[in-house]
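Heads up, the next two complexes both have chain A, just with different partners, chain B and then chain C.
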Partner chain A sequence: MTHNRYVVILGCGRLGSYLANRLSRDGNSVVVIDKDEATFRNLSPDFSGFRVIGDAGHMAVLKEAKLKKADVLIATTREDNVNLMVAQVGRKIFGVPQVLARVFDPKREEVYAQLEIDTICPTSVAADIFLRAIANDAAKMRGKSS
Partner chain B sequence: MKAIIVGGGKTLYFICRNLTSKGYQVIIINRDKEECIQLARQLPATVIWGDGSDVGILGEAGAMGADAVLAVTPNDQDNLVICQLAALKFGVPRAVALANDPDNTEVFETLGVSAFSTTHIVGSLIEQRASLEQITNLLPVGEGRVNVTEILLDETSPAAGKRLKEITLPENALVAVVIRDKQPIVPRGDNDLRTGDRLVLITLPENHGPVLKAFTGERR
Partner chain C sequence: MTHNRYVVILGCGRLGSYLANRLSRDGNSVVVIDKDEATFRNLSPDFSGFRVIGDAGHMAVLKEAKLKKADVLIATTREDNVNLMVAQVGRKIFGVPQVLARVFDPKREEVYAQLEIDTICPTSVAADIFLRAIANDAAKMRGKSS
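After this line comes the complex of A and B, so read on.
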């Protein structure tokens, strides 16, 4: 990823804070939004970006994070619907060029692909890895038995 | 007609009571188990306990084949997603979302979901009722871009006693119907206007004020 991009991250849980720390360390301008101030403890001491406290479902909060200027928006809250709404608002109303949302429910992910909203579904990603691992083990066992 | 309503509280209760009394088949989806039990006791509706933004639950509620889905939960993001899933996944012809944050009505419309805000509706009603007591009805149509207003001409009205073509109206305004002695007349330029007439006006929000002034005069 190129440096010096303006990245807005929604949610400062395990995934959000991890991304924020990494992207900040790589030289990007990062803004993290979370409604729970305590989650900002997850940010590392060398995190150089901004913190916004607020509910991302409110337009005022997204404006405060200067979403209009953002190059990238990443929605990582634990609520699928929040991520899906903010991703669409970021894409279609604020015109953010790159928008990614975490969505746990694979059935929801499928529908939003139709709306050209890029989602990452940890459930289906993990399932794929598990299935591949199982298939590999099975192949190995067959190799041994023959 | 079959309608699915997602949400709870008094809004849902009264909407549901209203629709079932008109003969709708209503299915309620609510996340709170206790509230589901209460609703099932109080209303002649099918009640499903679960997350209305879950594709499985919507399917279970019979979204495929429903005529309308109404999302009135206190969370705007849930209402948006429920309506989008209903329309995209199940092809429900009418999906309407409550926007708790009035700013979100516009956002939802941009994202392709019909939305309403109780704050907006109540606000505009109070404004209209308070500003002119002669206005008996105000109906925003075309997503609020057109107003249909019913007004009463009284003796102080500058329009009373004039012919319609003698009244200078702003552009994009129309007197659609004159109701005189309970008889509706579709007026032409030569029709006169009398005290006691009820006029149905079609205006745009930007010329609504000036048009009203032309018929009722200046007063507050």
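After this line comes the complex of A and C, so read on.
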């Protein structure tokens, strides 16, 4: 796997910090942006990247994170609109090659796709896993009764 | 796939309502429990199951949902403690054969496993998908430059 990529992560909540810790440990250069400084305690002691405190809606904050240099931008906040806006800015203004965004509302996925932003909807993913588990269990029970 | 199973879903938020709509459409008997009646508008117009308004911490509410008859119990609220408690009650007191729970804090997954409750942590799942997408993109880029 290629390491040493420059990754900017928006949001240091559960998902953002998990990714930051993991990508940092794997040898990538990681910058995490969050407007709430308290979220940075989600980072592990061996996190070797940078922390930027600020509102990602401000160009100055994105510049401080050196978004222009980024190979990857990941928008992980709990707000779809924030993720969409910053992802677009990253793609169109800063020319980031790979942009990924978390999107809670599955109906928005189409908009993101048209803007060439890769999305993941945790709700759909979780639902699919639950449905598979139920189907597998049903299959097992059929096996037993036959 | 076996249809016509009796499924009780705790929580009618994004995940709970998605599962309820899907499982109802597939021909299962579905009961959704939520203490907030407003969440039921997440159910689609063709949802053919039952709605129970109430706190799942009360036995009367679980009895009203006929949990004893259930083939499957899925706990989907945003609160790990609520999901764990109701999942345990479903397994131990009502003898539900399959119990699934959403868990936000990955550290709690071990506790659930010991209680024989299947869990899914949307944060871990989403993170893994993001990490795979980044790794794939890196592989593509290496392919181009070689």
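The criterion applied here is as follows: the second predicted complex is superposed on the first by the 145 of 146 C-alpha atoms of A that agree within 3 Å, B and C clash if a C-alpha of one lies under 4 Å from a C-alpha of the other, contacts with A are read in each partner's own complex, and residues count from 1 in each chain.
Here, contacts are C-beta pairs under 8 Å (C-beta built on N, C-alpha and C of every residue); 3 or more make two chains touch, one makes a residue touch a chain.
A quick note: this is a predicted structure, and the numbers were derived from the prediction, not measured.
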Let me test your reading of the model: by the given contact rule, A:L115 touches which partner, first (chain B), second (chain C), both or neither?
first
Please indicate which partner A:K107 is in contact with in the superposed arrangement: first for chain B, second for chain C, both, or neither.
first
Is A:E79 touching the first partner chain B, the second partner chain C, both, or neither of them?
first
Quick check on the superposed pair: does A:H58 touch chain B, chain C, both, or neither? Answer first, second, both or neither.
first
With both complexes overlaid on chain A, does A:Q88 touch chain B (first), chain C (second), both or neither?
first
Who wins on chain A residues touched, chain B or chain C?
C
Interfacial residue positions of chain A with respect to chain B in the complex
57-60, 79-82, 84-86, 88-89, 92-93, 105, 107-108, 111, 114-115
Chain A-touching residues of chain C, taken from the complex the two chains share
1-2, 5, 7, 14-15, 18-19, 22-23, 72, 74, 97-98, 100, 102, 104, 118, 120, 122-127, 129-131, 133-135, 137-139, 141-142
With touch defined as at the start, can you tell me which chain B residues reach chain A in the complex?
53-56, 75-78, 80-81, 84-85, 88-89, 101, 103-104, 107, 110-111
